[in-house]
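Taking it in order: structure first as structure tokens, then the write-up.
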Amino acid sequence: MSEFALLTLLIGALSLIAIGIGGLVLSRNLFRIVLALSLAEAGANLLLVLVGFRRDAIAPIIEQGHALTATMVDPIPQAMVLTAIVIGVGVQALALSLAIRAYVAYGTLDMNVMRSRMETDISDAAGAQPATSQHAPAGGRPLPPISAPRLAHNKGAQG
Amino acid sequence: MNALDLLLSLSALMLLAAFLFGQTRVYPWLAGILFTGQLVLLAGSDLPMAAGVGLEIFGQQVGWQLDGFGRYFALITIGAALASNVYMGGEWGERYQADGHSLRWLHAALAGNVLAMLLLLSSKDLIAFFIGWELTSWAGFLLMAQGGERALRAALRYVPYAMGGAMAVLGGLVLTLSWTGTLDLLELSRVMSTLGNGQLALLLALFAIGFSIKMGLLPFHLWQAPAYAEAAGPGTAFLGAISARMGLFALGILLVKLMTLSRVADLAFIDGLFTARDLLAWVAALTIVLPTFTALKQNDARYLLAWHGIGQGGYMLLGIVMGDATGSAGGLLHVFNYATYQAALVLAVFAVMHRTGTADLNSLGGLVTRMPLTFLVMLLGIIGLAGLPPMNGFVSKWLVYRSLMVEGRPLLFLMTVIGTLGTILSVYKLIHNTFLGQLRAEHEHIREAPWSMTVPMLALVILAFVTGVAPGLALSWVAEAQAALGLPVLAYTLGGIESPRGSLDMLWIVGVLFAGFGIGALLFYGAGGRSKRVHQLDNYAGGHFLSADVRYHYSDHFYAGLMHRIGPLYRGSFTWLESAVASATDLAASLMQAWYRQAVPALTLLVAAVLGLGWMVWR
Amino acid sequence: MNPSFIALVVALPLLAAFLLPLVPKVLRRLVGPLVLLVVAALGMALWQASLSEPLVLAVGGFRPPLGIVFYVDSVAALFVLAVALVTLLLWPWGGDASENLDRKQSLTLVLAAACAGLTVSGDLFNVYVFYELAAVTSYGLAAGSRTAAAQVATFRYVILGSLGSLLALIGITLIYFRSGTLNLAHLADLAPQTLHDPLGLAAFFLILLGLGVKAELFLVNTWAPEVYATAEARVSALLAGLVSKLALLVVARLLVLVFPLPEAREALLVLGMLGMISGEFAAYRARDIKRMLAWSSIGQLGAAFIAFAIPGPAGVAAGLAIALHHLVVKPALFLLAERWGGSLARLAGAARRSPLGAALFALFALSLIGVPPLPGFWAKYLLLSGLAAQPDNLYLLAGLVVLVTTVVEAVYLFRVVGVMYGREAKGEDAGLTNTGSANTQPASALAGSGVFAALLLAAALAAPLLAAPLGRMATQMSDGAAYVARVLPSTATLSGAAQ
Amino acid sequence: MMHILIELAVMPLVAFTIGMFMVLMMRKIAAKIQRRVGPPLLQPLYDIVKLYAKKTQSSHGLLHDIGIVMAVGGYIAAETMLPVPGMNGIADKAGLLTLAYVTMIPSLGLALGVGQCANPNGSIGIARALTAMLAYDIPFVVIIFGASWFYGSNNLIEVIAAQQAGGIASWGVTKMPLLAIAGLFTLYAMLGKQPFEIYVAPAEIATGPMVEMGGKHLGGLFVMQCFQLFTASAVYVSMFLGGGENWLFFILKLFAVVAIPMSMAFVFPRYRTEDVLAVVWRWPMVLGLAGVWLVMH
Amino acid sequence: MLTRYGALLFAAGFAFLLFVLFTSQPLGAPTMLAGQAVLNEAAGTVGAANIVTAVVLAYRGIDTLGELSILFAAATAVGLVLGRSHGKQASGEATEPGGFILRAGSDLLFPLLLVVGFYIIVHGHLTPGGGFQGGVVLAAAFVLPVLARPSETVSHAAMAWVEGLAGTAFIATGLAALAVDHAFLAPLLGTGQLGALLSGGTLPLLYLAVGLKVGAELASLLLRMTEEESGT
């Protein structure tokens, strides 16, 4: 495989990662986010395979015709990719199922809307005011000096 | 088991006992006996008292040893605890429990404070010291926090200060370890003064800030008055008498023993314009003046006394910073003297509170006929606090003035005197608004405080008087403390000091003073007609009969003219500082919370990855 | 002790998890705890054995750089023990429909296996696999409270975590690209020639970001408050207490063995400082106890990152002390939070309703802010003295950050203590006062935190005795050369392998 | 021991006599300035005897009496600490600083006595009096500091000896003119005479500390005033005018100290409380501090 | 808008940085320190013609165990997220069955897929393919009928048994090695004739377990989601 082809593959893999991450960051739709994620993972996997590639080598399978000493590509990245793919599948399935449930609960797939709904839910569950409130935190901040009752008209009592 | 082990185990035992049956009637008796035993043990043991147990932990030896300096403070601690304990053991405690508070916890907090302080005072190395320091802080917190909602809130205000101080000390501790390789106090006293100026200045800053917070030196004093004033009665007395002095103890060790005052005086700032020692002296002097005049403004007796407690700390530090025999003796003696009359005063105020239910200086008055013993205690106490003869407060302050005069520090001297004069004004307000003037109708049938309360109060003021007449009694302990610390030792006599440049002999002074009073009495009672006693409620003003239900007691805004002139000079700039720090923290907290509410954390991750990678690749 | 048994700490919980749904109903609830007890016993035995010399297991019997190696030094063994014990203490005993309980128990067991695997694994990619395993189980557990908010929070967590894992995978790819091996010992051996360059550092940074997601590293920890606030308290406890520590441990291993470089330490130091500042300050304004604890744990982990950035055994000792201390304290606090739940304001008067719980909270708070003689102090002491001993000013700055944030921490923790011991909510607020919601198990939660408190107090009493083993463990862990020598007895075979 | 007992017995008499004539002199000077005749020679004594001899004597309680006793007794004690020609009392055991604080005791005694009377006007007066004390004592201690530093001693006996050693040239007033002027100023404020008499407010007695004082209570205060005049001027003489070589010179100096500034001060209108603070903290303070600076450099 | 361009810029920058890093040494000539050693030894010690399989199941067998567990965990987690509490398992309304072609096709394909799947699994150690690939085919075989006839559900219990037992089998094989050879997951039963179906010792057995496990997990994942879809 020529240098050019290898570089093309590398650029392809990196582009997949870039597109995936870019999509992940920019999408607000939950399903698009998951799709972007799988795109980026595909890029990473491709990268991994590419790293194990060896010029002028065959697949690491010993066949009857070949000598045992034939040049083979690195088998370890291939095994790693196999694992990585399966991991990706598991995570995506989980993400999708969460998306489904969230959609059922909130009736939207827009991340921003969901996030604000979630914030409200958290605050409600905690019985606290929403985070935007300007009130002092519960329990009060460090106290102002406690002045005796009739000290009010004598300002700045604590020196 | 040697003496210190016994002392500490007694203390621990008491803590355990307080937890187990602190609410019973037996406990105060037991604690009284144990405290007395501890006092006897302390006074009777040979110095230095070394603990039999020691630990090695993370390569550091941790041990305990009590020298003359520590013993001096330990004696005061246990004495104050004993008085508080007796006070707590009687009617006051019953009322406290009846109000729904836990006497068990109060006793436990007191015992815990004593144990923590003993551990601190007898520490042999900085680790043991820090352990004692933190235990003291948190035991103090426990004592402050009891006695209701306001006490709790005031105690919570103490937390950032205490922690800030502790962290400054811890920072100093690890830097010390890193720079000198040791934490043993004895070893450090040899090596610490050989550090470079920069390192020493940083250590001094860290430790001094930590210790000043405990002591309530400016500008770290704001927590102290509410925290001490709002605590449960005997707790206030104990805290006021000795708790803040742990900061002085630590500063004494740091400045005199470890760094040596001459080395501290070497640390010059701004082209030698002033040295670290000057700075400390001035902080002490300002601590005398500002809190004292803040006390003058207070309308709650407890707050008034607590603010004075802050101010009086300044005299002690100033004396020690002067570093000569007279000044340091004065500073150290003031610890004891102050403890005696402050505890008495606080107990007296709480006795009044016990009977009347308030410490508001605008709702009392005329109680002198109702509670004469408490009045006597307060009278002697305020004379001590104001530093007038014949009480012991005069002696220690006199020693400090004397030192400032001899050392030629006119402005510092002026500050101390201003503080004393402010104290006189403020304590007169205290006694006038409480005991003099018009008796309120609702207080007409009030009785004297019970014996369980008057006895410890009287014992304390008698002690303050006796050591005022014969300061040599207390000065023997002080001389021992000075020797242990490596200060020049004061040559004292029973009556004070003997010096060609001006001696002080309290035996003679008090003798003459009372002779003068005697002659005065002779002049007054010996001549002229007999005077007729007018009833307390039989008063006229401007020719108009004042019936008891008309409130004419002049209490509010007592020094109006003075305040008009000096009020603007101290208009809560430290309060402003405190709230500025709190607001800044709040702002930082809001910013950080905003960080954790960002909409697309993945974007942050991406940006971070790119920046980090770029940094790693092209650095 | 036969090193082959090391494999059991991973295999047994997995086996139990696989079989759990098939076990007869009567015995089903016993399986998990029993297996965890066995793992704990194994961990104990391993710890005993590894204190003198680390144990190495070549899984499948393949010689080290080829196959995967499990390496158990005393630190790893201790963490195996901790994994088993903490999981046991936070075990989901009930409170759910039977089927979901099965699932939660299975997931918890898998999580325990993944955590054990993380501690013992000596292979970079294997670490990644166990990390992902831990990640997926934690996602599942976090979503297990089955509220919509939890599901959204978990989704966000999944996305951030997956992106992190992706970065970590790219980092691993980079390392493999440069060095051609995945074995940590082998990498450590090769690193000075191959990996101590921008590429190696870039790889380290990517892995740091990736693993940092679980370790609540600053920049990638924004999930923590959301997830901890929505997940069940014991799940939050597991994530904050256990999983974060193991991710941290892996980062520390990588730092010590492969990247003992000033740049790597600086990165860790800076991120740790930012984590401490952001976490503790955010907690300062927290209004509900769960998020407060989440932020607090971010801060504590920041401290641990700072500690591991200190070179040499001192740093490792400090890091271990902080991590272990937090491992005990934070789960206990979350358990207490489970008992109370809700906003801080609603805690008013909690001390009256539950004096023991309030006292425990105060105890843990004191230890967390490092009040001697509680263990938290010794951890902080080790951290600070380690920082102070470094000549670089950045370390001193880190020390300052630790000190300042501790003050902030004390303020907000004691604000809570103050609320609990303060007056009860009155008037219109009284109706809000929660007396424990229906789906909590106050008694078991209190018992659990009681056990943690007992551990804490025991550690406080035995602090002088614990110092020596801790030092030994730190020396063992920080000795990269010994690791290499132990795993790869002779470097000659390596060059043979390279041919 | 014996000589102190003698001094305790004799000094009140001496001080009373001198003080009484000082009062007389002041009233005479005031009369001359106001173009009046002024009181006869023994008028101050008549006043006191009259008050003591009053038929109706009312007391507001023990503390009311004790306050007077303390006020008088404090000055008697202070006199014992002053070295006068032929008698040193316990001056070597107390010193200047102690003296300054002992002289605060009468103020406190008076304050206690007035407080017991439960008259708001009295309390207001005491608040003014204590404020005034705060005002004049601050420059006063600066002056004490300067003098002690200059003489290297706190002991009045040594201070006087050092001054008498070289005649007028070694007197404090020539060595430390600034401090001496500041001291004179302060002394005036201390005596509570015009224009600093706001706290006593003799013309409107109903709003001052004296409001509930009648009979021998007021008589006691008159006695105290005599003591006060003597004590204050004696302190000044000891510090700046070389003390008493013999009784004649001593008495002359004492009268001069009171008379000279009084002649000038009497024409000023009375200061309000806060103005007392401002005036006393400004001029004597500046002079005093400058004097201390000069002395120390 | 700024965020949008900024994000794109950073994504591109990330790719660019990676490009710089990955071109810092020549591609296509990997260092292969461990890889080459595996290539040299695998045939002899493991006996699998497909060296990737040797790596997956033998050298990095624990990775594979982990990965199976991830699938298991994901499936369990999905069950936890989607699953209902007792009694509401079945969906209420009957769903429309698929068209004739789909139904007939699925009937036709089911045995075929089964055969192909198992073939790929058992030849995993010889040819490209193996438990994962075969497992996916098996899963497809079980999901296809559900697509055709949505109302017919596959028994979760049976699926659970397969999942559990397959996983157990994998670990049990490893434990057996521990018992026999004192090494967890060590290859047992000799290497056999290189290239033969019954070679590579326990490798085919492990792959069978992997295949069944993967198939069952994936199938249950997919089925859960389809149930959720139809149930709402």
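Chains here go by letter, A, B, C, D and E, matching the order in which they are written, and residues are numbered from 1 within each.
The rule is short, and it goes like this: contacts are C-beta pairs under 8 Å (C-beta built on N, C-alpha and C of every residue); 3 or more make two chains touch, one makes a residue touch a chain.
The model shown is predicted, which means the values in this text are computed figures rather than measured ones.
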item: Shared chain contacts [chain B and chain C, defined touch]; value: A, E
item: Least step count from chain A to chain C, where 1 means the two chains touch; value: 1
item: Relative to chain D, chain with the most remote C-alpha centre; value: E
item: Chain pair showing more contacts of the two, A-E and A-B; value: A-E
item: CA centroid of chain C to CA centroid of chain D, Å; value: 78
item: Averaged-CA centre spacing for the pair chain E and chain C, given as whole angstrom; value: 30
item: Inter-chain centre distance, chain B versus chain D - centres from mean C-alpha coordinates, in Å; value: 36
item: Interchain centroid distance [CA atoms averaged], chain B/chain E, Å; value: 73
item: For chain E, residues contacting two or more additional chains; value: 3, 7, 10-11, 14, 17-18, 21-22, 30, 32, 34-36, 38, 59-60, 63, 66-67, 70, 73-74, 77-78, 81
item: Chain C: positions in contact with at least two other chains; value: 125, 129, 132, 136, 139-140, 143, 151, 156, 159, 163, 170, 177, 180, 182, 198-199, 202, 284-286, 411, 415, 418
item: Numbers and ranges of chain D residues touching at least 2 other chains; value: none
item: Inter-chain touch pairs (all); value: A-B, A-C, A-E, B-C, B-D, B-E, C-E
item: Partner chain B, residues of chain E touching it in the complex; value: 3, 7, 10-11, 13-14, 17-18, 20-21
item: Chain E residues within the chain A interface of the complex; value: 3-4, 7-8, 10-12, 14-15, 18-19, 22-23, 27-30, 32, 34-36, 38-39, 42-43, 49-52, 54-56, 59-60, 63-64, 66-67, 70-71, 73-75, 77-78, 81-82, 126-128, 130, 132, 194-195, 214, 218, 221, 224-225, 228-229, 232
item: Residue numbers on chain A that touch chain E, as the complex places them; value: 1, 3, 6-7, 10-11, 14-15, 17-19, 21-22, 25-26, 47, 50-55, 59-64, 68, 72, 74-80, 82-83, 85-87, 89-91, 93-94, 96-98, 100-101, 104
item: For the chain E and chain C complex, residues of the former touching the latter; value: 17-18, 21-22, 24-25, 30-38, 41, 45, 58-63, 65-67, 69-70, 72-74, 76-81, 83, 85-86, 160-161, 163-165, 167-168, 171-172, 174-175, 177-178, 181-187
item: Residue numbers on chain B that touch chain C, as the complex places them; value: 55-59, 127, 130-131, 134-135, 138, 145, 149, 152-153, 155-156, 159-160, 162-164, 167-168, 170-171, 173-175, 177-178, 585-586, 588-593, 595-598, 601-602, 604-606, 608-609, 612-613, 616-619
